[in-house]
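The same chain A turns up in both complexes below, where it pairs with chain B and then with chain C.
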Partner chain A sequence: MRLSPYIAYAKKCFLGRSAYRFDHIMDIISTCMQFFIFCEIYKALYGGSSEIDGITMPMITTNFVLAMGLNAVFYPDDYFLPNKIWDGSIATELLRPISFKGRMIAENLGNALFSLIFHFLPVLIIAVLTVGVSAPASAVMFLLFLLSAALGFGVLWAISFAVQMTAFWLINIWSLITIKNVFVNVLSGSMIPLWFMPEWMRGVLDFTPFSSIYFTPVQIYLGQLSYGEIALKCAVQLVWIAVIYLVGDILWKKGQQKLVVQGG
Partner chain B sequence: MKDVLHLIGMYTKTTAKSWFQYRVDAVLKSLAVFLREATGIIVIWFTLLKFDDLNGWNIYEMLFLFSLLFLTYGIMIIFFTGLRDFGSTVRSGNFDRFILRPRGLLFQIIFVNSDWFAALGHGGLGITLFLISAGKVGIRWNMYNAVYYIFTVAGGVLIQGAVFLFLATLNIYLLQTNSLKGLIYWNMRKFAGYPISIFHKAIQFFMIYVMPFAFVNYFPAQYLLRKDDMSDYPEIFMYLTPAVGIVMYLIAYLFWRFSIRFYKSSGN
Partner chain C sequence: MINFENVSKYALNNVSIHIPKGEIVGLIGASGAGKTTMIKLSCGLLAPESGRVYTLDKNPVLNRKLYKNNISTFIAGVPLLCHDDTVSQGFELIRNMYGIEKTEFHKRYEKLSEQLDFGKYESQSVKNLSLGQRMRAELGAALIYEPKLLLLDEPNVGLDENGKSVLCEILTERCKNGMTVLMTSHDMSGVSKMCGRIALLDGGKLVFYGSEDNLRSRYAPIDVMRVKICGNIPDFEDLPLKKYFVQGDILTLSYNSNHITSAEILKLILRQTSVSEVSIRKPSLESIISQLKKGGYYELY
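On to the complex of A and B.
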């Protein structure tokens, strides 16, 4: 398999994003604003106490900046396949001598790289200069954080991939994607730090893929997990990627036989 | 007049028909809007399970605060969908067709399209939250505050309608205003359900004087609930919502009338 066409797709996406500068600056401002507002909300909730259940304010702000930053980077295009089915261009896409899934990954990675450099980093710098963010627990933990964050991206991508495949049957899946995003937003820890979820809810979360998207990397960054726990949590991330991807792949194979192109 | 009502009826019928073309999708769509909008509520519910109250506001009082936000949006979007999507109407050149028809422009924009799913999703959520919270926040309902409530909801609808009208008018000059709308409307709206007293002064200023969400829900809720943090603001703010709505709408309308003369088609 030659990699060069995929790199070209990734590059195309990366450069395509840089064309909309005004929109992009607005995105950065909006992420910063959300971060500040969440910090204010938690300041009010803490009401002056330095820690609650062993969780300090710096841990909260670090959780938010990392989760929101990663959230900006991990933005798989949920409509990659649905749009192509909707307008019929899927027919020509399938004829091309390259893997459709490979192209999908390449474009998502190109986008993610752009957001990492021009969205996450500026937001992180602003957050460090204003509210303050904890340093990683150690250099090793930082490297493990990067690894786990990459796996978290894998989990999120696999979920998006599997949901998109239902477009072969349902055609218009805006609702399904929106509902998926509600689950990701609430349960992954980007809007409420998962430490503060009630006990029973954390039990439920252990059986879902959501907490391994942002929360596992954040916990590693803060040094809350031992090496044994890190190995276990990363293994859990890998299992989720494999399981969800396989489900998506079965749908992908069935879907191609079922595909109906409406007009062109 | 009869002719106008007939036209509104026809427009509503065609909109409903086109929306309900795919029935399963229609039900799912309302559910999706409902859930998406409930995200903020679910988050605050989980948070307050842990923390009991936010600057003196308990969970029911918070839900009451949120309910005003959703109820007013649900009513507003029945009328202002066309203004929300006005940018794409201008860019696609469809607006030129409106100009050629023998009816008022604003009339057509308002009645040609209604996003009934958003109306049902938001409005349904608003009513649900109201029913859950209204009996538990210690409001003694009587004629006076019922009338106050109706006027204040109408004011909240007008405030948000005015912002939509204003941003739609900007499209005439700029062609592309979505990111601006995202920043000042949608982004602020995510946090408009919180008592503004917890925020930084700059954000409070923005929410009172620039994008006045505070008049949509915070000050009206204060009139009914009388929480301690109202002492930070002039008492008169609790009575201003209908006036703010009417003044903002008039200004936005005049801006629209003034600007429409400069409309240039985007081509095609």
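On to the complex of A and C.
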């Protein structure tokens, strides 16, 4: 498999994003505003106490800046396939000599790289300068955080991939995508740090893919997990990627079959 | 190149057809007759309900990957070039995708962009182009990787006269080098100009498949001859003419060209009188098709 067409697509996506500068600056501002509002709410909730249940305010802010930052980076285009089914261009895509899934990943990675550099980093810098963000627990933990964050992206991508594939049957999946995003935002800790979820809820969440998207990397970053736990959590991430991807892939194959039998 | 064996799908009903290598085959018929379905069946975008389709001796649905470099499919309204890209970016992406060597690609691009005349707006993005401009660029995109088989669904939409004749030239030239084309079109003069064979679909059935001359002699053999005579009005009693009438010195004759040739008629006229002008009109493909649709020419046979 030649990589150069995929790199070309990734590059195209990366450069495409830089064309809409105003929108992009607004994105950064919106993330910062969200971040500040959440920090203020928690400051008020803490009401001057230095910690609640062993969770300190800097941990909260660090959780928010990492989760929201990653949320900005992890933004797979949920409408990649639905749009192509909608306008019929899925036909030409299938007749191209490159893998459609490969192209999808390439475009999402191009997007993610752009967001990492021009969205996450500015937000991080602003957060460090204003509210303050804890340093990573150690250099090793930071590297493990990066690894786990990459795996988290994999989980999120797989979810988006699987949800998109339903467009072969449902055509308009706006509502499904919205529900997915609500689940991701609420259950993955980017709105409410999962520390504050009731014990039973956290137990349940451990069995869903959502907590492994943002919360696992954040915990690693803060040094809350032992090496054994990190290995386990990363393995859980890998399992989720594999399982959800496989489900998506089955839908993908069935979807193509449906396209060939019933037409697009 | 393409073989349909008793294929049924949507409107198509038990269609069998063989499209030989190096031929330009024009698929014509009213909207909804199943033309696009045939194109999609040929490239494997659709699977037949019953019967079999072979493209390059293989089942196109199962071997889609294999074909990707051999078949180029162009369906009007389904973009080949990305909307956000400029024309040249779009082509670069195609070069990359098909792994064509740079200098070779450049050579082809130069030629196509000159022929189809899209070079002058290559730095504009595709979404800003007019329909005709976009069609020219997209046709270039379909042709640039030199496929063995080209499937075109209404390639003439939005093209001006010059564009149509250029497309005709390119396809004719390519087919001499072994490319095969299956195209649908509503532009009968274009079909008549370039297609060696015509496949006529009506109500999902293949009602005719063969050359245009063949079609004419079968469904519309009536030619019309107008002769300006100087002198006596000749006598035609023996000839199998459909009808004739005289208006001043102009004689209008219609006859079945399967039964008598124009040369024979002319010879007879010249034996009796002298002639200053002759014109012979054969029915155009367009009028044959529209007559066929009405059922007009069927009554001849």
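By definition in this document, the second predicted complex is superposed on the first by the 259 of 264 C-alpha atoms of A that agree within 3 Å, B and C clash if a C-alpha of one lies under 4 Å from a C-alpha of the other, contacts with A are read in each partner's own complex, and residues count from 1 in each chain.
Criterion: a contact is a pair of C-beta atoms (placed from the backbone, for glycine too) under 8 Å apart; a residue touches a chain by one contact, two chains touch by 3 or more.
In this text the structure is predicted, and so the values were computed from the model without any measurement.
K.L.:
Return first, second, both or neither, reflecting whether A:45 touches chain B, chain C, both chains, or no partner chain.
P.N.:
first
K.L.:
Quick check for you: in the superposed arrangement, does A:259 touch first (chain B), second (chain C), both or neither?
P.N.:
In the superposed model, A:259 contacts chain C only, not chain B.
K.L.:
Where does A:125 make contact in the superposed view: on chain B (first), on chain C (second), on both, or on neither?
P.N.:
The answer is neither, since A:125 touches no partner chain.
K.L.:
In the superposed arrangement, does A:174 touch chain B (first), chain C (second), both or neither?
P.N.:
First partner only, chain B.
K.L.:
Which partner does A:16 contact after superposing on A: first (chain B), second (chain C), both, neither?
P.N.:
Only chain C is touched by A:16; chain B is not.
K.L.:
Give one of first, second, both or neither to describe whether A:8 is in contact with chain B, with chain C, with both, or with none.
P.N.:
second
K.L.:
If we overlay the two complexes on their shared chain A, which of chain B and chain C does A:243 touch? Say first, second, both or neither.
P.N.:
neither
K.L.:
Considering only touches as defined above, state whether A:97 meets chain B (first), chain C (second), both or neither.
P.N.:
In the superposition, A:97 contacts chain C only.
K.L.:
Would you mind checking which one, chain B or chain C, touches more residues on chain A?
P.N.:
Tallying touched residues of chain A, the top partner is B.
K.L.:
Taking the two structures together, which residues of chain A meet both chain B and chain C?
P.N.:
none
K.L.:
In their shared complex, at which residues does chain C touch chain A?
P.N.:
10, 40, 43-47, 61, 64-65, 67-69, 71, 73, 75, 77-80, 82, 84-85, 89, 92-93, 96-99
K.L.:
For the complex, give me every residue of chain A touching chain C.
P.N.:
Within the complex, chain A touches chain C at residues 2, 4-5, 8-9, 12, 16, 88-89, 91-92, 94-98, 259-261, 263-264.
K.L.:
So in the complex, which bits of chain B are touching chain A?
P.N.:
Listed in rising order, the residues of chain B that touch chain A are 22, 25, 28-29, 31-33, 35-36, 38-39, 42-43, 46-47, 49-51, 54-55, 178-180, 182-183, 187, 190-191, 194, 198-200, 203.
K.L.:
For chain A, which residues are in contact with chain B within the complex?
P.N.:
22-23, 26-27, 29-30, 33-34, 36-37, 40-41, 43-45, 47, 170, 172, 174-176, 178-179, 181-182, 185-186, 191-192, 196-198, 201
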